[in-house]
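Structures for review follow.
There are two complexes below, and they share chain A, which is joined by chain B in the first and by chain C in the second.
What follows is the complex of A and B.
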């Protein structure tokens, strides 16, 4: 057995916990999880059945944690996991699983299959079996601070542009601010309107906030590839910046996995509870709405629907806020047939979009979203994750639907409808209006 | 061993052995998993582990997603089989009598005709599930010897029981002894096979509900 394979297996042994043992014990091979996975429904290929994606780790569980498995192993009757199998399973675990969590919602015996895949990736990457695209993104995150290689000057340029557009100051490294706002690389490079949007909203709502030059990136490729060590390093940068700036809250941006990484995995990765709270931008906006600090003007004149980002809604628990916010600005807001915690993934989550090898299957899997949108007559597809947004735009374009349906970020849509008070009257702006 | 001696053995020591293996085996199986332990999350919870965990133990008996035809076949046949098996096990008059002698108390039985219909439905559902396992590409790929072994072990008591209440040609005592023995084999197999899901399902559902519940999601 090679050293790397041994390392992978050792990692699985360490990752397997009581829930995983219970999940493997309970599986009755009913195959219902297949129906919940867009990679199966859109291809019909049984190998994409979620529980099948865990087979090598299941064997390790059986051989290391069950009485009969240990006995069989000692007597030489068990089939050890091989390098060839890891090679075969790598695309199943990384290319055709977005960690969307839908299978975990339908398994009749209650298996949280996504929880298991997340841990399976730890062993895969430890054994050296992870896609090149995701490895490169993770390496850029560690070296440069961003999976797309975005550096501070790029952010500073976007800040300048936002300041010019809004006539407001975008606070950077402001110690003692209440909120530290994070962004995703995709927002900085492709959807930079978000910076103007939050600047205007926070100014109106009188939110004390800042960006941090040492931690502006919220995404976490380390978590996607399954390397807890690297994921912890990336979270630690944010924790350090938040502590240095003495903020009370860190705002997770419109990015799905960033929320999971920061809100749910983060404290476990760095090994301690945070001295600040993590709040998602949608949660904060919904709070501002409830407090009457976020007011909007007018409504969208076309039909809109909402694409639930898996990590924010199903795996994140933020179900109602986006709906409350959309209802502020859209009279004709309609839900997809399966929405909220049962929505279908865009196909590019969980690191799939960073993995070029997965492009063909990801584009095929988009058929599910296309079917969901068919006949709805929506002109705008609103979402709250820049990765979903990229995937949706690309998928709609592939299917020649981009002329009919526009993909929009929720915070931006709200900013467009922001009711602007007469600042000259109050003179209480938190982001100082530029002279 | 005469027919009567054999019947007495399966009714007495045989049943005691089977019950002991079932109980000790399942306790071992559950502890074997539980003692691996799990880390408590340091993330600030949005919801309660316990209430969501318990909620999912019940909620997961129903599906909330739209399935494909293959999923619905499993679902419908699965429901029929499980309900039929439990109804015949707990509400056939002879079984109620057995429980009364074992536990010291009983409960009203269902009419024989109803039990016969239930048993037929259960047998039909099991046959359909076997056919589906052999023909559906997903299930065929997932299946190993245990799936077929446990199918047989589950089918055996149902079919012998059905023959017993319908008094077919086989001598009564032999058939009764075989029926009881088939149930004992099933009991013994539970801790050693995926039949242990009869208990661990509820533990898995609890974990699933708890993991989602911490995030404030009803799973």
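What follows is the complex of A and C.
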């Protein structure tokens, strides 16, 4: 069955739940969410007011679920949602919203506008109004297994390289390991240092872990495009692999939305509780730190700051771990003025980075991050999401700041400072350090 | 005979020193929240101001406003300043009586047409003009006639400003405020039952200094005096903030001077300067003497549900009504909820899984 306006509206009718109904009812039209959205602050155009991006779905809610709306619909007084409107709203919903969740933080009546946009996208994609770039990424995710088209041989090559570099074994498909480590395609293709980094850290901390050949990809384009059906398929692959390998934990990597998809949406998407726990790599590293299993040597000699990935910090609640970890290796760690749960998005989350059409506005929205960094005098911008990392590198380059500021992944930075104990060559038992 | 001396000349002829006069100007300026740099301007303007003609009309009132002004502060600078305006008509204070009194009013109106001030205390009955008349003229007719040539009107007291006690339920005389009748003149409401003397003199001083009405709030009151609530400036406010309340008028809390909120104090919703300027030459004000604020400078204060009922308590018995309404609401809500749930369930049942083929085709 192909996508259609009618199918989109029916999807909204099915998706509008009690929270959505109460959010629409509670909205007092104050417009405070506008100032929380970087697409509004950087353009000044009121059409980017977050709650306005939901107008078609609001009308469906009104016409289907409210007394007066239903009456008006029956009497023919209400204006049905049209194809033209969906066409007009498509860029608002996909190009100028990164699902960053900042609007949800400021809403005085507590509306989770981000949750609403997520539902809004369900109807948009079912009606056939989704950006080409994101459709293509979703298509590659479903058909190939990764939004960037990464296949197993590519991973195997990177594993080989990491093993050569570290002299350690990178476990693949090891049944009975405690932790199943996932990766994002960007990590495999661009930031493959992460593989050696976690290999060294886990080896040092004696973490029993593995990668899985059937589920190495953590990202979820299905969630970004807004289709629960497709998102569920992608989560199911990970669940199947984790169950087959009988792991206790699945580690969500340095990728923002992967964590949201797997940790918060996943069980609802597949319709049951997981037999394992999902833990973010930063949470795990912070646990290892607290247990004394992660030790570092030396400090960064330059000033560093941390860019909070929205899905991990604001939406994920992992606020302190990255700071604890950074303080282990950086003496001059400074915060941006708005940081933690009120940080500003890199501009490329929520599928925006996969959507070429959104490039101009995304680059414009980066001005916010540029202003944040101005005058801070930082030499390193640390983050914990490979998508943020890509966006930050690109944005700094656009603004000719890439010479001054280097973008670094947090786990890699830790691995660089990892305190290595001298071991017996067998690697099985920790011997005391030889002088 | 028209007195053409300036205010400054009159004050010095009455033995008020320059120093005393400047002190008054400074006090007036600070009361009106003007910067200290304005004091010389106030002094200059007041010294040189011509005595404006003032016609004082008293309608349905108790003379309390006049008492407040003439007695409680007399003989102070405010009182003397008030003497030094040309009060051409005030039927309580003037010597003339009968037709001579009315002549004085008409004479003042003719001589100062367009420039005199009208001060009104008391509300105006619209129910039957016979309820209150002066020299056979109904209040409403006299107000309209006198207001026609006025530069501005000062409605003194809550009766003139908002209808006051005569306006209280069931309002047998059909009493209304000045602003309900006069629409085409600037009206300054100096509410209070009675209003604070320095507020009256302050408003007149402002008018003399700047030749225009002061900045007013949405109820037509000068913001300089009515900009903050009694509660905001109350010396008992720290107890409110700490949650320390007197529960009765003779308990430990009352003796310790704790907040009177629970004893019905209307300070949080009452805008007036009592807590700052106080009464009887700055001696005290109701809360300082141990009684909550009535809220007398607010509209309908008499009908706001009992002086000893705390602000958070309801003013009517709503228990039964609320119960019935809640039951009806819950039933309607449950019915609509059931309907909406089945609507949603039907849509979910008809949902066909979105496939990657669907998306690629679109």
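Following the convention adopted for this analysis, the second predicted complex is superposed on the first by the 422 of 435 C-alpha atoms of A that agree within 3 Å, B and C clash if a C-alpha of one lies under 4 Å from a C-alpha of the other, contacts with A are read in each partner's own complex, and residues count from 1 in each chain.
One rule holds in what follows: a contact is a pair of C-beta atoms (placed from the backbone, for glycine too) under 8 Å apart; a residue touches a chain by one contact, two chains touch by 3 or more.
Quantities reported herein were computed from a predicted structural model and do not represent experimental measurements.
Partners chain B and chain C, brought together by superposition on chain A, clash.
By the touch criterion stated above, A:263 is placed in contact with chain B alone, chain C being left untouched.
When both complexes are overlaid on chain A, the residue A:36 reaches chain B alone and has no touch with chain C. Within the superposed three-chain model, A:158 lies out of touch with both chain B and chain C [touch as defined at top]. After overlaying the two complexes on the shared chain, residue contacts for A:98 are found with neither chain B nor chain C.
Touch criterion met: A:65 reaches chain B and chain C at once. When both complexes are overlaid on chain A, the residue A:112 reaches chain B alone and has no touch with chain C. Look at A:13: by the touch rule set out above, it reaches chain C but stays clear of chain B. In the superposed model, B is the one of chain B and chain C that contacts more residues of chain A. Looking at the shared chain after the overlay, A:225 reaches chain C, while chain B stays out of its contact range.
The single stretch of chain B with clashing C-alpha atoms against chain C, selected from 44-52, 152-160 or 170-178, is 170-178.
On chain A, the surface touched by chain B in one complex and the surface touched by chain C in the other have residues 16-17, 21, 65, 67 in common. Interface residues of chain B facing chain A in the complex, by the touch rule stated above, are 28-29, 32-39, 41-44, 46-47, 56-57, 60-61, 63-68, 70-71, 74-75, 78, 133, 136-144, 147, 192, 194, 196-197, 200-209, 211-212, 214-219.
Residues 16-19, 21-23, 25-32, 34-36, 40-41, 46-47, 49, 51-52, 65-68, 102, 104-112, 115, 263-268, 271-274, 277, 314-317, 319, 337-338, 341-342 of chain A are the ones that touch chain B when the two sit in their complex.
Within the complex formed with chain A, the residues of chain C that make contact are 336, 340, 343-344, 347-348, 350-356, 358-362.
Residue ranges on chain A touching chain C, taken from their complex, read 1-3, 7, 10-11, 13-14, 16-17, 21, 64-65, 67, 125-126, 128-130, 135, 138-139, 142-143, 225, 227, 229-230.
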